[in-house]
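Take a look at these structures.
Here subunit A shows up in two complexes: once beside subunit B, once beside subunit C.
So, the complex of A and B:
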């Protein structure tokens, strides 16, 4: 009989002499590895290269006097999280609390003498706390509360309103962060100054949000009876899917402009957005096509028997069910695209990974080999991607994907 | 106002037609020498059959005999390749206008219900009236509720199909088809996917529907229903219409040996 922990250990780890030897050898190896890892993390590693460069990793060399713009975007995110907290609780609550804690720390630490971006010149005077920047960080808990309160109004606290608000806030945020020469008071930020994690998130969000409608259009085009439309879509999808993103980015920067008139030049940021969106659209189109193909034929037959036309059947019956089928695939693609955004270094943009590489090279005096930086970056990416897949699983359960 | 309009449209068929002898009624479906092949397989082999207005025809036969294919040709879910099909005076051709007109006249109920899972029960019913007949939303919902009452489940209007039992789903499917105010209803094994205790509730709805003067083609092996409700029965085998006759003839004195054999097996 095997009872309790000793019993489990005996049957699973020491059931024969050979098993016992293997168990002990492996235990020693694991223990040495764990000891070394802990020792490195807490005693050997120098995390200062990260703690003293936080703004660089978060948002690149974004002008400090314009920090209110990304901070306003962050407030909008907090409002959404507040709404989500009220509407779904659970994970949204977790995110909301996390953002409140992080922003409170960011806002309060400067007054406690912790400077997250000290001047690089040792002789320069230390930074004064910037009251507006810090106050806006601290205000995030108010934004969460506002969102929570808004969602208590029945007409606002609905999934449809939430998604419309999210899209509107997303567009406002993108304009706030990037700026536009057409909007007074929102001067464009030089592309070279926009970087870090914000750039990864911005590119991934633009790519996914814009590629959903384009991907649907391509998928419908591929199913079309019109030969020109059909083969255009097939050609686009197959060519784009057949080429690595890094190659597409490189071509967009160095080869495509050869076809432009000399007076026309497109900013790298927009080239990256367009390229990533088109790249993602090709994959999205195949997801959508698969999702629609998985809808039972009985659905189409029932719709046709009711007298709905082919396009009505597609729009009202096949497409909504197809999209519901592919929510996991869309999230999977979002995760992949988020990680792929680090490839924009090829056109000279300073995303989180490239920023890490640059800081290592620029600080060789107090960085050995920069392991700390890459571990930090890996953890940041992992936190975001694993949250995304957790959200996806929750949505799947809520929508009953996989159940009929 | 809305009430009256709905009341009028819901009773598009005439219950009195059940009192008129079959010979004196007009043909609502005419099939002449119809053929259909799937590749080399001849699914429908030279079938000719006329259905009278208000008639209830039960179609039966072994599986793979072409009975489902046959009724699916009446609203062109399957295309016939040879012969002629005329539904309520409209010939079945590739002309889309004819096809639209026929699909408005003919309702269909499927073995697997085929309700739209992403829409509420009422949404399922009101979709086609709004989108095809361009009925205002309020009127469509009024009609939907009346139909749900007719099939006995008005309290389920806001639920989603997955929350309903099989029998309830099939009754919603019948209401959905009726919402287009068809003059012909096709039933493709409407009770085959149901648990035994739910079969009766669906057959009851079909029985009431027959009493309203609706023309009905039912593929079913519910022989009690056939004996009680059908005006005529059609036996299909290997794509052919083997025998067509009243239930009395079929059950007591079938002309064909194949009919006798099949009925012996299932009764």
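So, the complex of A and C:
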């Protein structure tokens, strides 16, 4: 009875009369929904609001002359994906292939008469294909191959090397995208010109990477027996966790500029980065604390019995094991933070969501295209967040967290 | 007499007490220098740029309109009153949101565990979709949908009493009459008596072993008193909204404005996806052996669920659930994006005239109070349900 396709259908869909009714009703609802969705996507919806302004959603009003900077950052990402493909396959391979296809399209389409450059004056002549921009897009598959090749060298193809490379590449990419007045040749890009998905990714990455050390410090402070340190950390963590990010961003706009001397003028982008990092550190601290609390007491006792000092025990025994425990939690927090970066609209930054809203509210042509814009943005976010949660589940299985 | 700093001949720099105090003092100085530097800068800037500061503005007339309120409000009232009105709007959205999200979340979570493959996968798709899309997009989307509804005269009508159109959702609602308070007193008496009867009968059942049906008795007492009170006092009547006049304005009943309706839908759907996962994990966390043991002790299905499975599942479910309630409350601050006058959106309007620093402080204190309230509930729950002899 439970063998084969009919058996499977009987046990999983029609095990009782009520079950059968539920199945049929749901099947009808799904069929109608799917029909309407397909109909809408392919026939009713007008996707021009997306296709005519792809660069705005990807990187905002970033100056076209400087496109080589984010493109270099993208090449670095491709190298990392290539390494990941060789080392773990799975999702890294999927992303590497996706990025190769997307960048090849972006690089080749301009020569086939499809204009992908940012919208300009409607009367202006169509943009000539920019050879450097397109060539750098096309080069991404080379970057993936380079990464794949590098990872084949045994001393490079290790998780530790991968993470160190990732952090170094991340710092380089951030400087490339934002620019810095201290580095010749990398003029800072005006904050108002930086936007779209790049801004969301940048803010989330900065928030997570910078919040790890601060979070560890706060967690150690909270665990310490020194009352002053302890209550300072507890106070910070609980206050930040008790209020919505939106109020912190709001505060950053009004109060943070005042905490620096008047001579130092702080850009909104840095305000957002500082606020998001502080916000994220409070949650990171709680993760770290949880991870360290889960380390068996026998570990500490063994370390002490071997003659390690208290600080040595923490640095060499408890903390590494605690951090290992919380890798899935860090991925989970990255998902949350990535979603939360959409709140920077409150300080007037044009992230992906705000870019969409501005597009439909500021353009008479697109006033009726709200559904298309929001669904497109939702899908973009969904692709990133759900693949991150897939990674988190894989890591959880690989580490065997909770099963040891 | 032994030297305090040199017990047993250990040099003082290796004395634990000394090291701890030294670290503490150094870190205290470090933190104090940074914090006081910030405060000094802020104070300096406030003085130099003549930024308004202080709380004297709270008594002035706010002069800002607030679209909807739980208690009556008009712009001539003070800032403080306007702030309270906005805070109540936040409370209203979060209380309703918490109740509805819990109910929906439980349904989805149970559906996720259903033996029906289609139902279970559908629940999975629901959870994966709504959990992974930023709440802001969802709110903007629902608000767009609400705005695209037909206008009042052409809007949808269900059962002649529910009206859905682009100005909001209108539904029948109870209007209190004269006998409301006596009825309320009787209802509360019913709750108190019910709890008393439950405790008494439960104890009797345990000591004598005779089945005494404490839960049923408690409900009967409560319902009896409420119904009797209702018949005697007629405390309220349900009024359905009615179209009035040439423009079909709807009067009577309760109205959820478009932005509140969109906020509520968004918050409920988003949070219910998280709650569903918590519920699923909670039910799965109870070892199957527990049910089997309860059954072999002679408890029937309902009794084993009620006395064995649910209490253990609740213990896993309640703490993360409370943190989801807190998240929902904090997320309601996104109302600012769709024009619902919650505490953040009203405070940010007020900052155009009133001192921003004071207002932000007030908003943060309000949220902290709410989060303390939730953690208080969580702590009480943990204390009540703590296993004897564990942690």
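Definition applied: the second predicted complex is superposed on the first by the 359 of 404 C-alpha atoms of A that agree within 3 Å, B and C clash if a C-alpha of one lies under 4 Å from a C-alpha of the other, contacts with A are read in each partner's own complex, and residues count from 1 in each chain.
We take it that a contact is a pair of C-beta atoms (placed from the backbone, for glycine too) under 8 Å apart; a residue touches a chain by one contact, two chains touch by 3 or more.
Here the structure is a predicted model, which is why all the values come from computation and not from measurement.
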item	value
Which superposed partner A:88 touches (first subunit B, second subunit C, both, neither)	neither
Touch count on subunit A, higher of subunit B and subunit C	C
Which superposed partner A:68 touches (first subunit B, second subunit C, both, neither)	neither
Which of subunit B and subunit C A:321 touches, first, second, both or neither	first
First (subunit B), second (subunit C), both or neither touched by A:305	first
Touched partner set for A:169, first subunit B, second subunit C, both or neither	neither
Which of subunit B and subunit C A:390 touches, first, second, both or neither	neither
List of subunit A residues in touch with subunit C within their complex	11-13, 15, 19, 22-23, 26-27, 30, 225-229, 232, 239, 241-244, 246-247, 250-251, 254-255, 257-262, 335, 339-340, 342-343, 345-346, 353, 357, 370-371, 374-375, 377-378, 381-382, 385-386, 389
Subunit B residues within the subunit A interface of the complex	75, 77, 100, 103-104, 106-108, 110, 112, 114-118, 127-128, 131-132, 162, 173, 176-177, 180
Residue ranges of subunit A touching subunit B (in the complex, touch as defined)	296, 298-299, 301-309, 312, 316-317, 320-321, 324, 400, 403-404
Subunit A-facing residues of subunit C, complex	20, 23-24, 27-28, 31, 38, 41-42, 45-46, 48, 51, 115-119, 122, 128-129, 132-138, 140-141, 144, 330-331, 333-334, 336-337, 344, 348, 351, 356-357, 360, 363-364, 367-368, 371-372
